[in-house]
Amino acid sequence: MNVSYIGLGAMGYPMAGHIARHFSTGVWNRTAAKADAHAAEHGSRVLGSVREAAEADLLITCLPTSLEVEALLPEVLSGARAGLIWMDCTSGDPVASQRIAAKLAEHGVRFLDAPLSGGTAGAQAGRMSVMVGGSEELLAQVRPVLQTCASTIVRVGDVGAGHAVKAINNMLLAVNLWAAGEGLAALAATGGIDLRAALEVINASSGRSNVTENLIPQRVLTREFPATFALGLLAKDAGIALDLSRAAGCASPAFALIESLYRAAKREVGAEVDHTAVVRYIERLAGTEVRA
Amino acid sequence: MNVSYIGLGAMGYPMAGHIARHFSTGVWNRTAAKADAHAAEHGSRVLGSVREAAEADLLITCLPTSLEVEALLPEVLSGARAGLIWMDCTSGDPVASQRIAAKLAEHGVRFLDAPLSGGTAGAQAGRMSVMVGGSEELLAQVRPVLQTCASTIVRVGDVGAGHAVKAINNMLLAVNLWAAGEGLAALAATGGIDLRAALEVINASSGRSNVTENLIPQRVLTREFPATFALGLLAKDAGIALDLSRAAGCASPAFALIESLYRAAKREVGAEVDHTAVVRYIERLAGTEVRA
Amino acid sequence: MNVSYIGLGAMGYPMAGHIARHFSTGVWNRTAAKADAHAAEHGSRVLGSVREAAEADLLITCLPTSLEVEALLPEVLSGARAGLIWMDCTSGDPVASQRIAAKLAEHGVRFLDAPLSGGTAGAQAGRMSVMVGGSEELLAQVRPVLQTCASTIVRVGDVGAGHAVKAINNMLLAVNLWAAGEGLAALAATGGIDLRAALEVINASSGRSNVTENLIPQRVLTREFPATFALGLLAKDAGIALDLSRAAGCASPAFALIESLYRAAKREVGAEVDHTAVVRYIERLAGTEVRA
Amino acid sequence: MNVSYIGLGAMGYPMAGHIARHFSTGVWNRTAAKADAHAAEHGSRVLGSVREAAEADLLITCLPTSLEVEALLPEVLSGARAGLIWMDCTSGDPVASQRIAAKLAEHGVRFLDAPLSGGTAGAQAGRMSVMVGGSEELLAQVRPVLQTCASTIVRVGDVGAGHAVKAINNMLLAVNLWAAGEGLAALAATGGIDLRAALEVINASSGRSNVTENLIPQRVLTREFPATFALGLLAKDAGIALDLSRAAGCASPAFALIESLYRAAKREVGAEVDHTAVVRYIERLAGTEVRA
């Protein structure tokens, strides 16, 4: 299977590297220098255009939002032959994915959404989780490619379902992170409480989460906030989750509030900082600092 | 060390059982039949009154709220000798605990708050987590007793700190549970998404928490909602956490919203049901049902 | 000026009646019996189709949502001559209106949005408020028609601006109504407070609003909740306001929360009841009843 | 009737002036210079102490919060004779007022809470609104005094009811103001909308309130934010309203959210600025400015 990979960002670059070790892989990136570096490091081929990328058996995209994915459509269709499979690993919008899939189907191109979780560490280690929206049969075809870079591959439904589950996963991350921030800020502002000890016991108790077990001790208490997943992108995903919930007719007051708070946080502490730096904003609301 | 245990509820009954295997233990319960059963099952002694309970070296209480704890004060003081240690394992109110400790100190009685986490399963297995507020020296004295029933014992600060951390832990539980409920409801209402698969992949991703890993698959997707920790008590703990945050001068919009939603949920689905049954209320807001 | 009026609902029926007294007016309604009644009562002409309606100088629409307006486009375009003015009095969606206007402009048809406020009482009395989005020149042409039924006619911007301001107005109504409900419920649940007296003094104080001055005493304290403006439509308008705010990049936590609460209320107390019946839902959250 | 007035702030100073024109009035203020100025301007007598103030027939207090009122208790009781009436015009806490009244009753002193609305303009014009908590008979005795400075005097219930209604009134002000801020910010951020025209038509429509009719045009659109009623005090009143609602067992999500947002706003734009300057905070959340 011949693979093209578009989007060599923090997740895409290492993922394409794992794939290139097992499949003939061409890469394309808006900033061409990254593609050159990838070819040098991972033995992939640099592709000349999106159109050329579309000539593969499998086209993989991993871009900031569905807007950038949808913008590729005309050029992909100009190069694609019937039978092309397009797997989008962007943390995208389920509605956009369904629209893209419908348009592609008219040209005999099949689409699945396969967003990634696991962070840059998981991507580098080849141990990502992938939530797949698309037919079982299509997943069977791309599974060997995914197996080069992922340890958990789960089909959650038809096209769009992967993006839906990813958006909800990231909204849960956003909510859990915000709540942990408010909680630690309240303990810090109360005074006389050992935050590391508090976190240790919470992590042995019912309130624990990936946020309290990993993000807070590694990124917040260290005050390092290493920028691997941008606050602006998490805010965008929270927006997709809220849209999904509203489109399904749900009343979801917590999602609605949290989405607006991340909008505010993004504005105040910046879209480019690590998502855990939302705690800096929570600290301002609380008038304190979360330090161990 | 001679121990008295007051409050043989879902957590207290098994905890006192573990202690009785290693220490001479008297038990007292408002409903006396439970004390009789405990003595028969665990070899503890049935105490005749709170006053008699206060004559031990260590008095342990585990009651629904700090109100019930504070109500014991006069009778405890009537029976206590100077040197008594009172360890309160209730999920209590830090402000009440500081008030109780100050009053007891006037009579030479020392107090620590040591709320429990781990659920009834943890209590039965003797593998609870305990968050302790009180002096290191006092904790050193009671640690052998706690070691009979807990696998994690952490001092988080002075009197009240244990209750503060417990309240925040339970608020995180409340928020994470609510968010998971909204998320699964949105996926269910969207349709075409396999909720068990979605949960599996979330549990391999950044949005995972104790809620998604344990509570949702074991209690919600099974539709069993086994009543081990009452919704009304979780709502009460959320209120303590909000009070704590406000008293410390923090603005905590998420805690404020979630506390009010649990109040509403308690009213609509009942205070006595399991806390996970809050999902039934979230389903009403969403107009759907979370079934696998 | 020859006028066609489509949509003889609670606002449209009386509005078209005022217009018919001064202009030659044809009417069309999905339920034809209403058009017949209007012709009999107000001397308007019954039109045979939307296409026929489009042959007038001025086409006025007043429908539940922009969806119904947009659905008329093909038939209107099939009948319209260049020069037609289409004034949409629906409480519509600014984005839809801009899309409609752009499509119409290709065919030489000009569009303005002119949503109405004042309720059915204002419509019957010919004393509505109209917030107009569209060019000054176009408003000048339709002003004589609006003057037959409105006492306040204000141009707030270009196409879509009328709908934007209407959505914000209705969101303010939604928020103010919800807040008044929570406030009166808190006073009722506290007990010993004379709600009519409280309302009287609030209406002489800084917390007063159209809600406390008119809606609460006339519709809520009487427990009549007369159905003139449906809860479902107010919830829809709140959604438009939230969309507007989010599309403009704003973080608006209060709008976000209130929109979700109206979704929940609509589900629980019904979309067809009067919007003031949202207080019935607030009473459930509060566990009390707002009675004088 | 001999009157003592304690607390010559923005409301108290002019109120005591009106009273002094009709009753023998002594004044006391922590900053004595204000009392001297009042005596010079309004012909009142300067009192030497709180104890001396307590020797009158009627003691009136008008202080920032109930904390300052409660702190006067020992000194008032040291000077008061049985039969003294104490009328507290502070925007106080109903629970504190009931506690004060109970303590005073033991000494034959009667208490009523009579918070004021109308702003400094209303206080200067002698046209305030007063919401009274206390017996009808007691109100009858003080009514002649209130009539010198108020145009609306309403008994809303027993002791504490005045403060309860005032807190709710001010919470409605807080909510309506926040909502108007979010609404105007959304329109401003959308662009192309004439905010003065929008406000004009909203004020002829269902979304109007004291906020949109008076505060926004006079204080916000002018960008003057004249400091007559401090943001910190409105935040405090919102807290009292939330406490009242929670103590009565209500779930009040909107109050809960708004209270936390005012806490945050107070921290960011200052407690001393005019309450309408909360719009400066809303503008930051929205990334825009509300200018006409």
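Which chain is which? They are A, B, C and D, in the order written, and residues in each are numbered from 1.
The definition used in the following text is that a residue touches a chain if its C-beta (ideal position, glycine included) is under 8 Å from a C-beta of that chain, and two chains touch if they have at least 3 such contacts.
Here the structure is a predicted model, which is why all the values come from computation and not from measurement.
A.B. asks: By CA centroid distance, what chain is farthest from chain D?
C.D. replies: The most distant chain relative to chain D turns out to be A.
A.B. asks: Write down the chain pair with more C-beta contact pairs when A-C is set against A-B.
C.D. replies: Answer to which pair has more contacts is A-B.
A.B. asks: When the C-alpha atoms of chain A and chain D are each averaged to a single point, how far apart are the two points in Å?
C.D. replies: From the centre of chain A to the centre of chain D is 50 Å.
A.B. asks: In whole angstrom, what separates the CA-based centres of chain A and chain C?
C.D. replies: 41
A.B. asks: Between chain A and chain B, what is the gap in Å from one C-alpha centre to the other?
C.D. replies: 36
A.B. asks: On chain C, where are the residues touching two or more other chains?
C.D. replies: Chain C, residues with two or more chain partners: 249-253, 255, 257, 260-261, 263-264, 267, 285, 287.
A.B. asks: Write out the stretch or stretches of chain A touching chain D in their complex.
C.D. replies: Chain A reaches chain D through residues 253, 257, 260, 263-264, 267-268, 284-285, 287.
A.B. asks: Which residues of chain B touch chain D in their complex?
C.D. replies: 239, 246, 249-253, 255-257, 259-261, 263-264, 267
A.B. asks: List the residues on chain A that touch chain B in their complex, please.
C.D. replies: 94, 117-119, 129-131, 151-152, 154-158, 161, 164-165, 168-173, 175-176, 178-180, 182-187, 189-194, 197-198, 200-202, 204-212, 241, 244-245, 247-255, 257-258, 261, 285-288
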